[in-house]
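Below you will find the structure I want to go over with you.
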Amino acid sequence: MPHHPIPVGVLGATGAVGQRFIALLAHHPWFRLTDLLASERSAGKRYGEAVNWVLDTPLPPHIAEMPVKLGQPGGITAQILFSALPTDEAAELEPQLAAAGHYIFSNASAHRMEPDVPLVVTEINPDHLELVRVQQARRGWEGFIVCNANCTATHLVGALHPLHLAFGVERVFVATLQAASGAGYPGVPSLDLIDNILPHSYGEEEKVQTEPLKIMGTLSDGAVRPAPLQISAHCHRVPVIDGHYEAVSVALRSPATREDVLTAFRCYRRLPQELGLPSAPDPAVVVMEATNRPQPRLDRMAGNGMATVVGRIRPCNLFDWRFSLLGHNTIRGAAGGSILNAEFMVHQGLITA
Amino acid sequence: MPHHPIPVGVLGATGAVGQRFIALLAHHPWFRLTDLLASERSAGKRYGEAVNWVLDTPLPPHIAEMPVKLGQPGGITAQILFSALPTDEAAELEPQLAAAGHYIFSNASAHRMEPDVPLVVTEINPDHLELVRVQQARRGWEGFIVCNANCTATHLVGALHPLHLAFGVERVFVATLQAASGAGYPGVPSLDLIDNILPHSYGEEEKVQTEPLKIMGTLSDGAVRPAPLQISAHCHRVPVIDGHYEAVSVALRSPATREDVLTAFRCYRRLPQELGLPSAPDPAVVVMEATNRPQPRLDRMAGNGMATVVGRIRPCNLFDWRFSLLGHNTIRGAAGGSILNAEFMVHQGLITA
Amino acid sequence: MPHHPIPVGVLGATGAVGQRFIALLAHHPWFRLTDLLASERSAGKRYGEAVNWVLDTPLPPHIAEMPVKLGQPGGITAQILFSALPTDEAAELEPQLAAAGHYIFSNASAHRMEPDVPLVVTEINPDHLELVRVQQARRGWEGFIVCNANCTATHLVGALHPLHLAFGVERVFVATLQAASGAGYPGVPSLDLIDNILPHSYGEEEKVQTEPLKIMGTLSDGAVRPAPLQISAHCHRVPVIDGHYEAVSVALRSPATREDVLTAFRCYRRLPQELGLPSAPDPAVVVMEATNRPQPRLDRMAGNGMATVVGRIRPCNLFDWRFSLLGHNTIRGAAGGSILNAEFMVHQGLITA
Amino acid sequence: MPHHPIPVGVLGATGAVGQRFIALLAHHPWFRLTDLLASERSAGKRYGEAVNWVLDTPLPPHIAEMPVKLGQPGGITAQILFSALPTDEAAELEPQLAAAGHYIFSNASAHRMEPDVPLVVTEINPDHLELVRVQQARRGWEGFIVCNANCTATHLVGALHPLHLAFGVERVFVATLQAASGAGYPGVPSLDLIDNILPHSYGEEEKVQTEPLKIMGTLSDGAVRPAPLQISAHCHRVPVIDGHYEAVSVALRSPATREDVLTAFRCYRRLPQELGLPSAPDPAVVVMEATNRPQPRLDRMAGNGMATVVGRIRPCNLFDWRFSLLGHNTIRGAAGGSILNAEFMVHQGLITA
């Protein structure tokens, strides 16, 4: 869509999510990777030397040759920066870079719940991106911070939104079986995940319970009113490389037959699909009929890792319907979600970097 | 307690659950293994020859030397038989053996929900064992069938019962992460559980939703009235050898503080504990405080695999409380549960084999 | 290369290797899948209905709609058939089909070591394909059987051949860590591969010790004289989905420096590469320098799963050099190896189906 | 044997190997744990508070209540100290403590290959313990350092020694499949061991190639002459919690039939067995006949984790015999090996702490 490739950079380029950003951006039709940014330990090295590449797709050779730069204001070519920083570094560094005029698309959780920071899943609430004007005005920044959601919350809301639009979702019980890659590298010790599963921290559960309310909330008068639903999340880590699986029960406002639910999922088509954005999955929600699907190993790459897969739709003894969902946690749930937000802003002319 | 060792046999002795029965009975203080019963394929061989021993404790040498007999009425020494038969074989063979005078303690699901068959977790409803009189009268049998519950249901009800006694349980959400050994051997293919989890069959969910109601139900006039609670179960298989993990949300009839819930678990002490039955865990419910426990590999052997471990007790956004539980699926959840039922009947003089 | 798509069929189309054949053939530039052949249990159904698809790439929709036919002489459209049959069925059925005029490219082990059946790794001994003339003459067949090698043997010989050409290989120790998919589906029980490894059968070791000698042997006077080297193989199954890893020590006839060894691997380029056959990896041998590579999860897809990856080249205390190799067992080690053989014969005009 | 419990301490008490020492010492018949020693980060806390207990046996309650002390000379009650220190800390701290009069039984690799430090597997070379006199004289220490071997080397030499005594071992090819617990906690990231295996460092291979030579070497004139055999080791990490598996080919000096080899293993009985030391396994070498054994999950606890299990004895195409062996890496291969050395010295009156 843009006439010239737009320069972009990655903050935290050597970490696991940083690598995923790079894999997705290395051959992107609109963006050109100009800045691989990391801490002092890596700055100055060739990227191929600095990184312990943990993805199962090879490190593109032209990226391996790029120099790693220091992730600090000054000396950065790109205005658009994707942030794969750890929370504490993001808390400090992202505002500095936004103040210096950069457009930060952040996968970090540091700023997600701040009232003037849009928390966006592109299919659901691209209108919330208007919040950046509030943010810039209030903070006196030329740049801004836009956040994508927690990996588990992203796919949960990806499956809830079609139902919310069609019937209204009131209450949600969700139990998660999350992949090891969600914790980065080195992340979870193998002694914790061989012949074992690991209950997740309460902090993760808190994110899954609150972020969807902001994402499905309503923007008015420069503020987001959270959607009026309640979520109870039980989170667990399981011995899976990639792909978060979630078992869900939902109570709906309006009655819905199984056919209604299926139709809601199948007909869900939103702006990213209509605009044909490069990273948009189409369909955004993939429905599977086999009672033993979705499964992480078999289904996580649906829509190139950008779709949310749903299945096992059956009545619930307590609420209305239950189903299972699955999605790739480091593609749609992290780097890919951020990139899709940037594609949307570029396409709409909201940024012209 | 009994003056002489009581002869017992195992039906389906070469399968995975049969092996667990044998491991638990080989050095039992009251029982003496006299009959290792299997199909025609194994009958006539030495047990050590017939079995592909899959437990991580060694096959006791004196058992290896025992002959395998044909599991058919006639030629069986023991009156008490523990059944590890597959469902379809149990459906046919157990009634024949009960008619022939055997006392069948069955781990099979075939007869669990029949109105005159007691479905017993010894701590919870040993009074239901009276149903065997109804069963014998109605069917004209000298022997009887007593069932223990599904492995997942056993531990769920093990954790719910203390709360039910103290506060009344009305609604239960449960999502399970179940071990591979629950499917026996060969059971689940490794291609399904490497870098993967497997949604469980709807039949398993049905058992988890219905069996607890019968177990916690009330016996009157020779029939069990199910407990008035509702359960919604989401079941999954995970890459764990032994130990079923369950994430639970409960709605209670009476309000309870966290301290109340802890007290209910900690003070739970029932007949098997009071009588000091050989296989009874004491405590029956083990409470863990660390937020990352229970875990299957670390906690499944609590109470020699006979206890139910609970932890992560925290408020629920939708119901009253949520918590996690863990229990050994082939010890308490299968062979051990059956043995404890037999110990109770022997101790109470309900059988004198 | 051919002017029109050549019809091909798959024998044993519903099994795990059959699925891999189909995945590789569904969009093949030269071949068109016309016959999905299976046993009576599946014949007559739509393929999508008959198969339990276990690959992590989706079943192509146009294939799902194809009918499954009975794998018996008569009623088969394609002359070229790829065989993913189990050994015992291959032993019986493949000769019948070859007699009926079909060209069988077989992944089964049944006929590999028969003197008049070529056992071919396309880079190494395409000249052995001449044996089909001997085979046809001796057996009075219009068709023929061409075998590819055992999955472990294929990659072993793939790494040995460059060294054999350059220096002569005399003795080889190899210890393997083989993926679960090598045993098909359901294959290895998960109870055997969670927190465990499984020693492989002695039969597998026998294949790894003998097949390379035939493949690297010399064809003269219508017979293959085995290469004069000796192999000792220790084989094991490990909890990996795809990708066989092998630790190798080699004694060479002529001395070679580490640089010589690297050069031999790096300069290895053979007919499939020179002809640019559609499935030929280029390079055929990928050399990795990092001391912790190759690794199955990261490197098995090298050359689209058709290459052999080598690394960890270091001196051996006992022989000359040791190194590790890795290759995809169901792509190059099974279906892909067979397809490359067929591509070669088509390209050279040896068959004109 | 001793009249009073002998006080002992553990250096590096909070780490994974330190935990294993504590589990083995908590109820030891001769030793009483008086000192749990760690770094400043833990010193001063209760042990139960300081440790992240990762074993699947529970932390003994009386240990949990003990205070953690600083692992520095001064203020330590016990003269005998078991060291589970990391290499670099052991290099610095163990000599200081030995100089201060402590008897150090060290599992660290720091001092193993020093000429005056005995590297002892109790069944094999207890006579090397005399080296401590040389060590004390040369270094002017009142205490001393005695090392046990690398976990992989311990079990390799445990299986080689019976053959060496009977036939002479000349050359050994060994490929290892090592458990994750060998790297401690957090140790190996789960992303490296889900659907993967990890080649081990060359440093590990070096230890496996050299330590056995010292252990099976001859002490004369206050120095150990290495045994004249050569080992080539290929080392790998696999997704197993505990239990190192090793595939071995041996070339022998004198010819031996399979029966001879079996007899050598079965008749192997040494001082620890004859003296009935508390931690001595009897037999030291367990022979299994099934062709699919040993397996880590099923066999690692043979002899309470103190035995070496051998199986799959079959002829080698290149050397004389090949076989597989398995042993527990953190019991016999680490803490247990150290404790057995101390038991021997106490029993023989070499130390009277």
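So that you can tell them apart, the chains are marked A, B, C and D in the order they are listed, and the count of residues begins at 1 in each.
Basically, a residue touches a chain if its C-beta (ideal position, glycine included) is under 8 Å from a C-beta of that chain, and two chains touch if they have at least 3 such contacts.
A quick note: this is a predicted structure, and the numbers were derived from the prediction, not measured.
Among the remaining chains, B is positioned farthest from subunit C, on the basis of C-alpha centroids.
Set side by side, the interfaces B-D and C-D show unequal numbers of C-beta pairs in contact, with more at C-D.
A separation of 43 Å divides the Cα centre of subunit C from that of subunit D. Centre-to-centre separation between subunit B and subunit D, using Cα means, comes to 40 Å. For subunit C, the set of residues that touch two or more other chains comprises 54, 192, 194-195, 239-241, 297-298.
The touching residues of subunit B, counted against subunit D in their complex, run 54-57, 194-195, 241, 297-298, 301.
Against subunit C, in their complex, subunit B makes its touches with residues 16, 54, 180-181, 185-195, 239-241. Residues 171, 173, 175, 177, 192, 194-199, 201-202, 209, 230-232, 234, 236, 238-241, 245, 247, 249, 291-298, 311-312, 314, 316-319, 322, 324 of subunit A are the ones that touch subunit B when the two sit in their complex.
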